[in-house]
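Next, two complexes with chain A in common: one pairs it with chain B, the other with chain C.
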Partner chain A sequence: MSGSRNLTFWTGFAVVVAALAVAPPLLPPFWERFVTEILIWGLLAMSSDILIGYTGMVSFGHSAFLGLGMYGTAAALLLLPPNLWLAMSFGLVGAAAVAIFVAYFATRLRDIYFAITTLVFSQIFYVIIFTWTEVTGGENGLTFRQPPLSIPFLFETRFSRETLHWFVLAVVVLSYLVLRRVTQSPFGKVLQAIRENEPRTRAIGYHVERYKMVAVMLSGLFAGLAGSLYAIQNKFVAPDFVFFLISGEVVIFNVMGGMGTLVGPVAGAAFFWLMREAFSRFLTEYYLIPVGLIFTAMVIFLPQGLLGFLRRRLNE
Partner chain B sequence: MVIPWELLVIQLLNGVIIGMILALVASGLTLIFGIMDVVNFAHGELYMLGAYMGTTVMLTTGNFWLALGGSALTIAALGAVVQVTALRPLLGRDPLTTILATFGISLVLQNYALWQYGPVARKIDEPFTGQFALFHLQFPWYRVVIALLSAAIILALWLFMKYGKYGIWIRATTQDRVMAAAMGIPVPLVYTMVFAIGSAMAAASGVLYAPLVGINHAMGLDVILRAFIVVVVGGMGNLAGSVLAAIFISLLEALASLWVSPAQAVIVSFIVLILTLLIRPTGLFVPTPK
Partner chain C sequence: MIADESRGAGAPADGGRSPAPLLRTEKLTVRFGGLTALSDVTVSLPRGEIRAIIGPNGAGKSTLFNCVTGVLRPTSGRILLAGEEITGLPPHRTSKKGIARSYQITNILPGATVLENVRIAAQSRHHSWSLLRHHRAYTDVIDRARDALGAVGLLEHENELAANLSHGAQRNLEIGIALATEPRLLCLDEPTAGMSIAETHQTVDLIRRISANLTILIVEHDMEVVMGLAQRITVLHYGEVLAEGTPAEIQANARVQEVYLKT
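For the complex of A and B:
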């Protein structure tokens, strides 16, 4: 790790964060909301990158973590006094509860079996949420009030569009720094060793199962955090977010942006949503036809994704 | 709650019939996986497009059997095109990349169907409307016929694989791709052929099942999940296992829907899958290797 490269990275990081921080007041309201939403999807994509990109386990069930994060937050906001931090911790608890189950399976299954099981697992939650109308609102979902932005004992104020954006940005940037630190730690290196060669990692003496479990828990928690933020931003949750097509989109973000870079999936999410905006201008709801074609072409011709060429630099 | 035994018998019969349709879809999926190591996420979409193609042929010719054959051939051609354009370049890469590529294709096909045929559900009329008395209700003969027809198609596939010249090519390719190529078997062509056969089976089941349920652009999503479950429970790549697993799971779901709503009965099959993966991950219906 050379000093000048490190400097380049942190300069780039500062420029991007500063641009994201000053952007909202300059943009029209629609695009301001759009950027906030991309940050949230980006956090979700980043969380799944821990599994897909770093540990080599393709999860097709991230919608379950997202969804439980959402519904946990919704439960706190509907049943308890409106407190931002309480709501978010409920979301995290919800996601953690799912993550424990998935972590258990993660130790026994690999490759396509892990992908299919996580998919089926998230569908279980979808069916429960969809049919348990009395509690979850069924197909219609739940609506609730937005909690005020508060720092305990200091101040409490209603969210404006700008403060909400800055709050989301702060959470996402902090999550990025934490996840980056994790992937660079010895723990993260073991995850990457599992991705490269699982039997050899085991032979060296690492307890592979334990590492995989922690990776799933970590990934699930950050996905739940994304769900919680989404619920707070939109004051609304619905079973659609638990459906496996969302998990598929998360995988698309990863592949498009570049797996194993953390930043790549965020860029992938932005790329996906921009394409969706652009194509739905003249194709309305059929935008997935060109997006699907582009995605398939990228899987074949650009498996490293958009930012894959930066992979080594971003991980230094 | 007491369930009358007639109802139980009817549900068991329904379970077997739906199981046979599911077996037809799943055997295409397991064929593609077993031979090509491709997890075909677009299989449900091929099934859905098959059903739509059936309605198109039905509108022009008015003959159900022509619709069945025409749809199977068209979707087989589509499958061949998909395999050549999207999967052939992925040969030799991680099987996981095939999930990604076929997932992209499934999005394209699903939205193409929505665009082409619109959001209103369609229906194919039953080719014949005869019924027989089963306890207190009239049971349509057509349902029995689709179960038998599905069984016949699967049996034909099995015979083809066992005794047909090209079936032997396919099995040789599965066993050793390089050796098969050295013996003069056109391996890339075999892969395309296998994908086309799997697609045709998906299309055929779509047309056969369409008279019982409506056709809409999202019907593939439900089927692909169930087919995945069946294929894993039956043992990936194992034809007979898939058939047994399809019937087993459909029976369980049919019985479960006596007590809970059909939407919730799906959970039974999810649980079967998870238990299978925990207890016997190679598949419930696979003989233990000696």
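For the complex of A and C:
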């Protein structure tokens, strides 16, 4: 029984990954870039699903992890020889440093207090980055050169639009597989028990705070990875990405796509970006009015999100 | 592990010092502002005993449970588990020491399956920090979970959502979760609350079955259940120990008659 279910899952997985790999070169350049970017925002949304969907902690501070991943990568590319892997590790270290900090303080608090604390932390980082012009470039952000795509000692080549897309796809798919496995692991099952009933989880012998800390760190690390990819794609970072608006959008991706599925938030990100793209063509800056109405309707009529109906299958 | 415990303690030699009781509270006092919920409560529970705590509402029964399991920190006094001081340890630590409890108001993981409810409890002792293997690969945990489910008679419901179980079955799942943590001391807070007469009888049988290698502390209002299960009874009244003795002694006690058993 679980064998056939597994087969369905992996078939679906293979079809989606194949479609994402084949499609972009067939699309016009604008849309190719668009798909690559959605994968990056999808990874960010997926990382926050670990907290929102699996542990039941709503984070309004994911922009901080994203931003530190970006600026970490930017620092490596500006100060060190241009190496893709070095740049990405710097991004991860940056995000991990913030994550440890946020995890330590924030897991002492629950529910709305946790959400507010993450929001406050991300705004602190925003202000620091915005005002510390000598180091961060302030309002203008930083620009730098894209590192070449390399596998150490094997080859090195400049990124083309296609190879960049495939590279991002590979990182996102790999991240998905790792995160999915984590949610199925004994540790992941503890997170889901915390979501279901925190006091009971404590009473059966789990040090809940420690599990939450690791969950925040894991989530922050993958958000930082998304930031690093974004910096490499755009050769540019700016404080706007650390602003809490991004964190709010991440929560919206989760709600729209379906929390607790990992791929739902990716679908949510795609849906949100497509709507923004479609409406802003006619309505320019008023595009948020129809997007907001659709979001409200979805919360009422589709509270599970776009892929919520697949939740059990995706988590098996 | 449980077997080792009892072997380690050994049978007291004739006339020798008896081993430390499994649970002992010494002059336990809890005050909430001006209200004294527990006042100098000293209770001693030998290994293997089923002890009932009875008393009118507000007598301090739940407060006593909350202290023993670490939910509340007593204002003063000590709690000892097999001679080791556990006063003020938080719930996850008392659980690790071997104290498990079931709740007066059903407290399960409603969105998880019946098996997952006990599996996660069993897992708290084994492999809980594993991140990259599927939880189903740890068959030892699943075996323990199934043992616990078997003990409470819920094995055939293992794939159902816990929220969909009947009230009585959820109450027994509570006990199953507690058992899956491999406790030395099991605290049952009104295990038959809200149950039909038939379900109550089943649960009494169940508790008797699992009591073989356990020490059990039980709070219960149903006198039939108490008299049928408990070897000794402690009566609490306004936070103080009013009387303690065998069921027969308690039934014959005039003070207890006056404050509690009449009506």
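Just so it is clear, the second predicted complex is superposed on the first by the 315 of 316 C-alpha atoms of A that agree within 3 Å, B and C clash if a C-alpha of one lies under 4 Å from a C-alpha of the other, contacts with A are read in each partner's own complex, and residues count from 1 in each chain.
One rule holds in what follows: a contact is a pair of C-beta atoms (placed from the backbone, for glycine too) under 8 Å apart; a residue touches a chain by one contact, two chains touch by 3 or more.
Just so it is clear, the structure is predicted and the values come from calculations on it, not from any experiment.
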Which superposed partner A:S280 touches (first chain B, second chain C, both, neither): neither
Contacts of A:F187 with chain B and chain C, given as first, second, both or neither: second
Chain B versus chain C as contact partner of A:H207, first or second or both or neither: second
First (chain B), second (chain C), both or neither touched by A:N83: neither
First, second, both or neither for A:S150, with chain B first and chain C second: neither
Which of chain B and chain C A:Q304 touches, first, second, both or neither: neither
A:F130 touches, of chain B and chain C: first, second, both or neither? first
Partner chain(s) touched by A:L119 [first = chain B, second = chain C, both, neither]: first
Residues of chain A touched, compared between chain B and chain C (which is higher): B
Contact set on chain A toward chain B in their complex: 58, 60, 105, 108-109, 111-113, 115-117, 119-121, 123-124, 127-128, 130-131, 244-245, 248, 251-252, 255, 285-289, 291-293, 295-296, 299-301, 303
Contact footprint of chain C on chain A as seen in their complex: 178, 181-182, 184-190, 192-193, 196-197, 199-208
Chain B residues within the chain A interface of the complex: 39, 86, 89-90, 93, 95-97, 99-101, 103-108, 110-112, 114-115, 221, 225, 228-229, 232, 261, 263-264, 266-267, 270, 273-274, 277-278, 281
Contact set on chain C toward chain A in their complex: 69, 71, 90-92, 95-96, 100-101, 107-112, 116, 119-121, 123-125, 127-135, 138, 141, 177, 180-181
